[in-house]
Amino acid sequence: MFYHVKELQFNARVSKPDPRFASLLLEQFGGANGELKAALQYFAQAFPAKQPYPDKYDMLMDIATEEFSHLEIVGATIQMLLNGINGELKDAAEKSEIMQLMDGTSKKESLIHEALSNPQFLVLHGAGPTYKDSQGNPFSGTYINCNGDLTVDLRSNIAAESRAKIVYEYLLQFTDDPYVKETLTFLMTREVAHFQMFEAALATLQPNFPPGVMQADPRYSNTYFNMSNGESVRGPWNEGKTPGLGETWQYIEDPLAHVMETDGLINRKPEGTDITAKTAEKKTKEVSKIRTNEIKSAVPKGKNQWSTYAPLTAK
Amino acid sequence: MFYHVKELQFNARVSKPDPRFASLLLEQFGGANGELKAALQYFAQAFPAKQPYPDKYDMLMDIATEEFSHLEIVGATIQMLLNGINGELKDAAEKSEIMQLMDGTSKKESLIHEALSNPQFLVLHGAGPTYKDSQGNPFSGTYINCNGDLTVDLRSNIAAESRAKIVYEYLLQFTDDPYVKETLTFLMTREVAHFQMFEAALATLQPNFPPGVMQADPRYSNTYFNMSNGESVRGPWNEGKTPGLGETWQYIEDPLAHVMETDGLINRKPEGTDITAKTAEKKTKEVSKIRTNEIKSAVPKGKNQWSTYAPLTAK
Amino acid sequence: MFYHVKELQFNARVSKPDPRFASLLLEQFGGANGELKAALQYFAQAFPAKQPYPDKYDMLMDIATEEFSHLEIVGATIQMLLNGINGELKDAAEKSEIMQLMDGTSKKESLIHEALSNPQFLVLHGAGPTYKDSQGNPFSGTYINCNGDLTVDLRSNIAAESRAKIVYEYLLQFTDDPYVKETLTFLMTREVAHFQMFEAALATLQPNFPPGVMQADPRYSNTYFNMSNGESVRGPWNEGKTPGLGETWQYIEDPLAHVMETDGLINRKPEGTDITAKTAEKKTKEVSKIRTNEIKSAVPKGKNQWSTYAPLTAK
Amino acid sequence: MFYHVKELQFNARVSKPDPRFASLLLEQFGGANGELKAALQYFAQAFPAKQPYPDKYDMLMDIATEEFSHLEIVGATIQMLLNGINGELKDAAEKSEIMQLMDGTSKKESLIHEALSNPQFLVLHGAGPTYKDSQGNPFSGTYINCNGDLTVDLRSNIAAESRAKIVYEYLLQFTDDPYVKETLTFLMTREVAHFQMFEAALATLQPNFPPGVMQADPRYSNTYFNMSNGESVRGPWNEGKTPGLGETWQYIEDPLAHVMETDGLINRKPEGTDITAKTAEKKTKEVSKIRTNEIKSAVPKGKNQWSTYAPLTAK
Amino acid sequence: MFYHVKELQFNARVSKPDPRFASLLLEQFGGANGELKAALQYFAQAFPAKQPYPDKYDMLMDIATEEFSHLEIVGATIQMLLNGINGELKDAAEKSEIMQLMDGTSKKESLIHEALSNPQFLVLHGAGPTYKDSQGNPFSGTYINCNGDLTVDLRSNIAAESRAKIVYEYLLQFTDDPYVKETLTFLMTREVAHFQMFEAALATLQPNFPPGVMQADPRYSNTYFNMSNGESVRGPWNEGKTPGLGETWQYIEDPLAHVMETDGLINRKPEGTDITAKTAEKKTKEVSKIRTNEIKSAVPKGKNQWSTYAPLTAK
Amino acid sequence: MFYHVKELQFNARVSKPDPRFASLLLEQFGGANGELKAALQYFAQAFPAKQPYPDKYDMLMDIATEEFSHLEIVGATIQMLLNGINGELKDAAEKSEIMQLMDGTSKKESLIHEALSNPQFLVLHGAGPTYKDSQGNPFSGTYINCNGDLTVDLRSNIAAESRAKIVYEYLLQFTDDPYVKETLTFLMTREVAHFQMFEAALATLQPNFPPGVMQADPRYSNTYFNMSNGESVRGPWNEGKTPGLGETWQYIEDPLAHVMETDGLINRKPEGTDITAKTAEKKTKEVSKIRTNEIKSAVPKGKNQWSTYAPLTAK
């Protein structure tokens, strides 16, 4: 269960209202790489991990809980950047002068201009945060990746933290408010911290490459198909050793000819690798056994109970 | 900020795996009336309430936090209903017999059958909960209503709790597992409790009808347009007193004729009401003043800070 | 079947084109709380009501039909606010001067500026209304709530009318056109009227609390969990009598301790209530019987026919 | 404004409940080519047509209104196919036996099976139609095409009717109920009728090819790029005369070489056509003038009023 | 398989950056009528056509491949219109002056203004094209129509090309850059060319009306229901011959009376047509036989292989 | 531009039709981790890379092109798994017996059963592939990550390949067709190959941690907040050295107390790190300079042209 502490994890402040930046900042409230996405992603991944991998469960829930706390920080900042507008919208009886509080220059014309930039703050949500991104797209469950395998999920998380980090980096270039910059810098840095946590956790799961259980087919795991014209560009991604399996890259200069000659690659033989169909199959069986046992030994087949309870003093 | 307690708020248990009911139960995990929707809705509504209405903020955050805790209960139940599948999916090297654990009757054929019922548990999410509904639609921010006005938001919440309640009622008819029924009954009852909390809170906001600030135009607030043929069906919704404003319903038997005669209703006069354009306008001004003052007196115009911090001992 | 009368229900007019306000007004054409949502919601709810509750069916169809008529009013207003643009877009051979008609100040630069505010009016829809909201999100079936139970559906409708009302209230603050204000005031007032119709209809369905058929579990229906820190905020939502069931609120000051002590709430006993598990079950059976009979007595089990036809003179 | 006649346009009947076909039939209620899509598409297209093209407006509104009436027929059929379920869902106190009414063979197991096929009928919508397609995807405004130009919109409609027709054709293969077949055949035939109405209307708009106003560039309007390998397949789409402009198809056997030789097609000259840059430009101006004048002469620039009203007797 | 040639099909150039037009141009990159939609639509339609209709397959794949090449042209143009921004976003350490390169007038204020017009270029995507439309809506599979019947699919394509054409026509009015106009004119013209290809191909499929296989019911195929009031507007869409089947339009002046008199149209008899229930059924059988045979004779029932391979020299 | 080779990259075959597996396989055609997503993601990322990082552009386009070729392989396999159905759907005049070809056991009942599992193959798409996932959700642009920074984008790609790999691994457990297994194994292996390409390419971009340009704030980059109760779980993600920056993890046992004591973390000092605010700022400037220069030196500020053309012989 969750418990709410009214104080924010970080002391978020604003110098003055700035509805335009509030609008941009929605990207991290309800956007594809925002705090809600992160919190929900780690939270969902934690369920299948709880019984077989309680240490990873603990980490995922710690970070998920922190991300919910960050969502609150972002929401509070947006709310403070919108201050004044909510009150003015209630002043329905008078000629509204909502924007006077912002720099003194703006009246109705300015208000309408703002309204067109992010109209739903004004005509729908009444000046509060909402689960949309900076362009008004509603939050979507499609943002979230959970695949029930930690060697995959942790990599999804590393990538997710990378994206969240760059979005904060971009956002920092669009505000001059020192308080807001301070808050965004904290949030950006936490993405860097989480990135490292997930990377460290991934390293404790061995073997973790290829992700999942099944091994690669050695006929196709080290081939690079040159699918475009022009002079051949070569680099460590198509020459030398492959970084994961340590095979030697095979560069297929003319994929069409190669496909024709191999009857659609079926007759291709492994090259530049010590892995064979047989050793690959053996490794699949080994990893398969490890993972299955880890899970089966921890997860009951029949009756199941998520928590046990003890008086608090016993804790 | 949030804090996570590893014990569930309710002691969720299952008698045995049941992936089919897990699939139905997703409706309350990532569906339109599910726990995530509720938690996020009250959480978002809390931001604009914090400074002007700290008592409502406290209630909204208490309930939002409880809903996050219910989301966890639903997720844990789904996970336990899927137990065994996750482990079998890792057994990639062997002929999978994923379904043997479910009643002993089912093998691959049964598995495929299940897969077609909710394929993404098996081929995408690897047997864990996901933010989708019982038909696989991803969670959407469009489910959430927050309009920056408590006389509206609390009514949205009352309706939301009603819907969540009926969905649990329907779900209860599709499982025989006594543990699961116990959990669903708890969750269903909490919707009834929250319904009453929101209703009680709404009553403390006066006036609260019409919702918002502006009063209705007395020419149109008590007319009922009989837009369909057949004999006239009469009831308290079109005869007698209107329940909110206490006006007398005016039944427009032939809307087309009435529209023609009144030049598109412009020339219609108020009937069956003591409210006049003038008194309505006066009331709008009064309510407007009340609400604006409530907000303006509490929300600073310039620098703002969400929380203050004090050593824990001082608390 | 429907019949279309070319005259609008309300005499909608505009003083002059105003594409910016047209863009905002889309919120009520294709938005989450707009007229299309309302019309479709009541229309869908009417189907299961037709045979068992013909009086409610009549009301739902009357209001649905009126909402379709309002959708037409909003569409017509948007079209008139865009007047001139459609014609200019056809003037593809000349240097377009679309915006000259709006105040004389604006040329191409202004046009592009408009285009960026709501580009799809110009580059996609060719200056006509479209089923999107004020930020360009396409209309979604997720906006619509229909749950096959009138004690739920009518509450969804009361909330929906509340939201539609506040959106018109907000919109009214962003136009100075007296004709448009007149139209919006009419539409806003009708939401207030419909709110009262649904409330009156709900009162005729007894019992209607809790919504649906199943009664609440008295162990959990009157507890308030204090899920956040800080001093306890008390109000009628957590002290005194509960408004629906008339039980006495039980305030759980320390939910974590309480959950631990009650083995995850399982061992909690009802307090502050006269309802027992037994009386609740009895009531569930009673309501269950009432509702089932209402429906079963009206809906044939085999062959069914929706309408009967008689020569018009016989009507 | 709309008026509702309680009798359906077509006498829809069912022989007995069939929730499985109800589920398929949703495709035409809330699906991408269903009745709602059609009704809303023609309705939206009618707004920009009203003042400049009142005859097309009349046709679009007639057909839109008929499509709303068809939506009602489909909804009524779905409701009758679900009969019995709604009542059983209210029987929450008893062991539900919802499916007994369907062939006598099915009990809870069967019920759950159904639930998994289209769970939301049972656990969300309580056995009534809903704006989703046969796979549960919510209706989306993206289904609707309106581009503010009748030479485009009418073609969109012809295609839309074609798709709606084939979906009814497919659906007819999945039911044996003679009453349902009768209704579907009526609805399918009306798509064929509407197709012809739109085609006839398009022919009255001259010129209507290319759609819109601007003429094609004669360098590129009659070239066919052979973008794939294998022997050249030739047909009237790449040899002989082009059907719209009457130019002669130019077959570019080797697009890559041609692009290289023409500096990215910039230096390509018109071939196989009498149209020149000059005559194309002249035609653009002519069509431009026609269309602009049609619209400008009919649509006022300032104050505008959608309807005029007269006592019904005068009509 | 595909092969990529680094040179664009058309020599796309820009005179200078213009992020605002880049934002509009997204409509044709990730929008409902854009190049991605077209490419994917024809590509999907090609699969069921490959074995039974190899000539149509060749055409569909040629055009699909060209549309992918157009997608690349649009993306390249957007990228060039955004030039400079990507580099500035990396200049995170300095006070950013992203907009100086655009006309010299714009600094941070201007930048924020741009950001609000299409914020995701700046705060999410880092100045590159993205699969969204001009209002930021993500690309959706719902844009694509493929119904597994060429008499339907080709009509969907004709309509799709019409819409794509008008969007380019609209876009051309919002840029002054001669290079960009040149590119857009090429792309617009290609839509005109494709339109004619699909029309020519459709003509080779006989019979192709009604689309699909089933014939219309002669009782309903030539009736026009006058569903709205006002004087009767008559035109070739409701008087004279129907363009597809050559029947005579029957104008139902008073649909309500007609429906009542015919017991919901069931008792209506065919009028103004030589087609009878019998001849229609016979024709359905004939077309059914033709199409079934075309497909069955080409598609194997058991083992199947998509391609055969031969050494390139043999080709 | 693209060129299409009619032969598939891999010789895809099926043993017999299997519409159920076809339905599952849609996950990799139009699903969140499918081939379309991969192709479009790398294609979009290539645009901003083309001028500053031509080697990465070449790699991204090679892999994108291969993914389009894989999309074709998946589509062809789905089509072959559906063989027979398309033809039967045309047999509209006869009692359809679509499923006889599948094992001989299944007739209409079976057909309807299939239809309910993935109805849109039958009633909408006419037995061909479509851009949906295994549950019928339409493809969405939200699946695609492109953030305009290769240190982020390549990490997104590594995660994307991991997810695509595990989905193939899961799918392989639901078919017994040896031909289909062969194809899926090829496709799964290619994800492993691409993973390694992206990893090798990322390593050539130095520095690449943290992703983007801005450095982390040393006060927050190495702290681990223990946000949940229970005994402390320790591992390399919260003790020892951080893997990216080489700082020492600081474990915050009681986050609430720490937040209170540091005035919302503002007064926290860096611990366990040699990085200071100053050195971090200096590094930000350095990386900033590197990246900005890489881009600015390659991307022209004014006129720009994407390709240059030369006669093919010159290539």
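First chain written, first letter: the chains are A, B, C, D, E and F, and each begins at residue 1.
By our rule, a contact is a pair of C-beta atoms (placed from the backbone, for glycine too) under 8 Å apart; a residue touches a chain by one contact, two chains touch by 3 or more.
Being a predicted model, the structure only gives us computed values, none of them experimental.
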| Hey, which chain ends up farthest from subunit A, C-alpha centres compared? | D
| task | Looking only at C-beta pairs in contact, point me to the busier pair out of B-D and A-F. | result | A-F
| remark: Per the C-alpha means, the centres of subunit A and subunit D lie apart by a whole-Å value of 38
| query | From the C-alpha centre of subunit D to that of subunit F, how far is it in Å? | reply | 33
| note | CA centroids of subunit B and subunit E: separation to the nearest Å works out as 38
| query | Which residues of subunit B are in contact with two or more other chains? | reply | 1-9, 11-12, 32, 61-62, 65, 69, 89, 92, 117-118, 124, 126, 132, 135-138, 140, 142, 147, 149, 166-167, 169, 172, 212-214, 227-230, 255-256, 259-260, 263-264, 307, 309
| Linking chains that touch, what shape results: line, ring, star, complete or other? | other
| field | Residue ranges of subunit C in contact with subunit E within the complex | value | 1-6, 89, 92, 96, 98, 108, 111-112, 115-120, 122-124, 126, 132, 135-138, 307, 309-312
| field | Sites on subunit A touched by subunit E in the complex | value | 20-21, 23-24, 27, 31-33, 117-118, 133-137, 166-167, 169-174, 176, 227-230, 255-257, 259-264
| said: Taking the touch rule as given, give the residues of subunit E at its contact with subunit D in the complex, in rising order. | reply: 5, 7-12, 32, 54-55, 58-59, 61-63, 65-66, 69, 137, 140, 142-143, 145, 147, 149, 151-152, 155-156, 158-160, 162-163, 165-167, 169, 172, 182, 185-186, 188-190, 192-193, 195-201, 203-204, 210-214, 216-217, 219-230, 233, 235-238, 242-245, 255-256, 259-260, 263-266, 315
| remark: Residue set of subunit E touching subunit F in the complex reads 1-9, 11-17, 30, 36, 40, 43-45, 47-48, 50, 61-62, 64-65, 68-69, 72, 75-80, 83-84, 86-94, 101, 124-132, 138-142, 144, 146-149, 179, 212-214, 281, 284-285, 288-289, 291-292, 295-296, 299-309
